[in-house]
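Chains here go by letter, A, B and C, matching the order in which they are written, and residues are numbered from 1 within each.
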Amino acid sequence: MRPDDANVAGNVHGGTILKMIEEAGAIISTRHCNSQNGERCVAALARVERTDFLSPMCIGEVAHVSAEITYTSKHSVEVQVNVMSENILTGTKKLTNKATLWYVPLSLKNVDKVLEVPPVVYSRHEQEEEGRKRYEAQKLERMETKWRNGDIVQPVLNPEPNTVSYSQSSLIHLVGPSDCTLHGFVHGGVTMKLMDEVAGIVAARHCKTNIVTASVDAINFHDKIRKGCVITISGRMTFTSNKSMEIEVLVDADPVVDNSQKRYRAASAFFTYVSLSQEGKSLPVPQLVPETEDEKKRFEEGKGRYLQMKAKRQGRTEPQP
Amino acid sequence: MRPDDANVAGNVHGGTILKMIEEAGAIISTRHCNSQNGERCVAALARVERTDFLSPMCIGEVAHVSAEITYTSKHSVEVQVNVMSENILTGTKKLTNKATLWYVPLSLKNVDKVLEVPPVVYSRHEQEEEGRKRYEAQKLERMETKWRNGDIVQPVLNPEPNTVSYSQSSLIHLVGPSDCTLHGFVHGGVTMKLMDEVAGIVAARHCKTNIVTASVDAINFHDKIRKGCVITISGRMTFTSNKSMEIEVLVDADPVVDNSQKRYRAASAFFTYVSLSQEGKSLPVPQLVPETEDEKKRFEEGKGRYLQMKAKRQGRTEPQP
Amino acid sequence: MRPDDANVAGNVHGGTILKMIEEAGAIISTRHCNSQNGERCVAALARVERTDFLSPMCIGEVAHVSAEITYTSKHSVEVQVNVMSENILTGTKKLTNKATLWYVPLSLKNVDKVLEVPPVVYSRHEQEEEGRKRYEAQKLERMETKWRNGDIVQPVLNPEPNTVSYSQSSLIHLVGPSDCTLHGFVHGGVTMKLMDEVAGIVAARHCKTNIVTASVDAINFHDKIRKGCVITISGRMTFTSNKSMEIEVLVDADPVVDNSQKRYRAASAFFTYVSLSQEGKSLPVPQLVPETEDEKKRFEEGKGRYLQMKAKRQGRTEPQP
């Protein structure tokens, strides 16, 4: 991990880690989908399940990324990726991330055509059944997020501190050759890195301290972003608990040189950030003041997600019967 | 702004800012030129007007770049770009740059063909007239800079400190895919970043202190640089005042794999640098010692530009009648 | 040199320097091979001779890279590259590297076809004869390294400190557009930078201190790496002397989307690293404990190379008859 991978306090950006995770996922799923004779293809990221950042990574540490295919449906591949940080001077290793990603194989001749996935071989029979349940659950959830697509982040003049308008931020990026796969669309990992960058700016503006990514909610990639697009990544704070902030990030793609195609929503997700003191202890977060009806509605929804996740975590730490 | 965007003292390179300005200009002018049905095109940078770096930007700050189309002629677009720096921890915002750029739309089918620009709609009638005056003025100035094209920076053995030969510098760069637009020529912003890099090395060699870009004179892009070229960027000091240095930067392109085409001058400009103490105060600059007749001539010309600019600045701060 | 070019102690990575050397070599040899009318070509790196890192380079210094063609055979070009570091604040210049590289010209129409090289003009007659000897010697050595190709670095569970298994490391990289020439294969310099990165991780894991590249043994590029490949770079320690470590690095390419082609060995080399104290003094290195028969054999071979090089160096410093 190099200086450019990290913030001023030396903590590696969550987006850098997400980018590495996606690169590993893209390699293993592209390799799997081409493992049988047939039409050549490239795997495109469709969804990342909710993922927690379990411990911070620092400049100078070595990141270990390992990936495994855990389920295949007819047209999609589920990949499990683990990230470990290693301090090569002390030898200490820590698990920093576990992530689950879904890919679909697109034909190299026509990237709008989805190909079939060769079935993976399971070591235990139940693995297939468990995988199918995860597949159905994510399919359902993808449907539900579609309604959010029309929403847009609008700038507001002279907003008050601690309001949503005060910290909301947008970033515009012209897609270049190094953002893209060899087949002309943007790597999912590049998009996630930009999403984390915007979420980090929103969080820093809100609490004016050193902030780090704590978790990312499921990210759905509604559509490919092709080269030649301008992408707008917008972030706004939706909810704060005592020690965490939830930021919604929306990604819109705008084909500049091709006005036959309209601007479209390419991805969206919720990022959770925490604020850290100079000693790395988590700090209280200034409470968000939702103003409009929409902001209040989003705050309640965020609170719902927060309480649900808290309950899940507590459930996990209780003794098993 | 990340560590790699800045020098060792934490000041963001002028070249990094110029690159962002150009990216914004390229997006807005490409979008405008494709706003009517007709042949698809991409906007190529033709000229950047003189621009001042009003206040330094630092690592960790967020840069806000906003662009607006202010005039269109038959074949060119004028874009006004403003850059603000924001310290997201304190909330302080500062205007760091105002720049004016000229673009021409090139056909995607044939990048040597210039297309027509859809006219912009002005909110006040006088805007068109004022724009036309700026258009005519820059056209005249572009003509005048053509004569400089034959000039070359030659290395000198064992030069004395404070001479032109002592600090002059050249940088060679092989144009790669990530330097280029999707249509095979180098982004104007990439060229400007390299120009600033060379100018900064010349300035640091001359005064051996922390130096920052104070302003850039008009940059004319005489010709596109295509991929597969090697570019040579040369810088030499032309003039020093008590507290500033003027450096001329010349960009030459050399098509390595295509010897039907000769080496040609692609761009040229004057950069002004100042020297800063560790507390950020401006320091006196060692006086340049011009030796040859050419160097003395360039020194006098630089002095002329310096005095003219000083007079302009003083004129601006005086009360209006 | 920027923060991202260097390790945490501020020493520029050997790999960054190797990448610059190769860029200079590629420019000069491509230019030479296209200097006559005929089929257009691009020069591909075939071999780098053993090179020493004579003095460390630091962040903020300017690197000067100069290249010269010293010999041409029918199908290959020998380039001599020198690297100087310049502290632009103090004006101090130091020779940091001298390297010899061999290139072959590949047709732009068909990168599997090797073209003929226009002969270089020698200023002294003996230069041609000396060059031919170097050409024959490297040809012989290239042959000898072929046998190593089948070897693979296997991970071991819970290895003991100071063993080969403890510090061995692998890095997987998906080849992207910015790693490649415009003709679709990976720059030799990009491969060397990744090789040095892996060797550095092996060295740091073994001795847990600040480490720097001291020298690189001849690197042979057995085959081009095309875009769309995944490359695996593996490093393992082979030998330690009192104050140095030798690390073998193997590069394998795996064409992911094209399963007609098998995984192949693309390059291999030995890197020598030294361990430095905070004051930049060289430190004793923990002795490597070879366990398997293969490891013991490689240790003895490494010792042979070490003693041979030591003898050569002492020979050079003795008074000439």
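Just so we're on the same page, contacts are C-beta pairs under 8 Å (C-beta built on N, C-alpha and C of every residue); 3 or more make two chains touch, one makes a residue touch a chain.
What you see is a predicted model; the values in this text were computed from it and never measured.
In the Cα superposition of subunit A onto subunit C, the rotation angle, rounded to steps of 5, is 120 degrees. Interface of subunit B with subunit C: the two copies contact each other largely through different residue positions, with under half of all numbers used appearing on both sides. Look at where the CA atoms of subunit B average out and do the same for subunit C: the two points lie 37 Å apart. Residue positions 3-4, 177-178 of subunit A are each in touch with at least two other chains. Looking at the complex, you find that subunit C touches subunit B at residues 2-4, 23-24, 26-27, 30-31, 34-35, 37, 40-42, 59-60, 62, 88-91, 108, 177-178, 180, 182.
Across the complex, subunit B is touched by residues 3-4, 7-8, 161, 169, 172, 174, 176-178, 201, 204-205, 208-209, 227-228, 230, 256-259 of subunit A.
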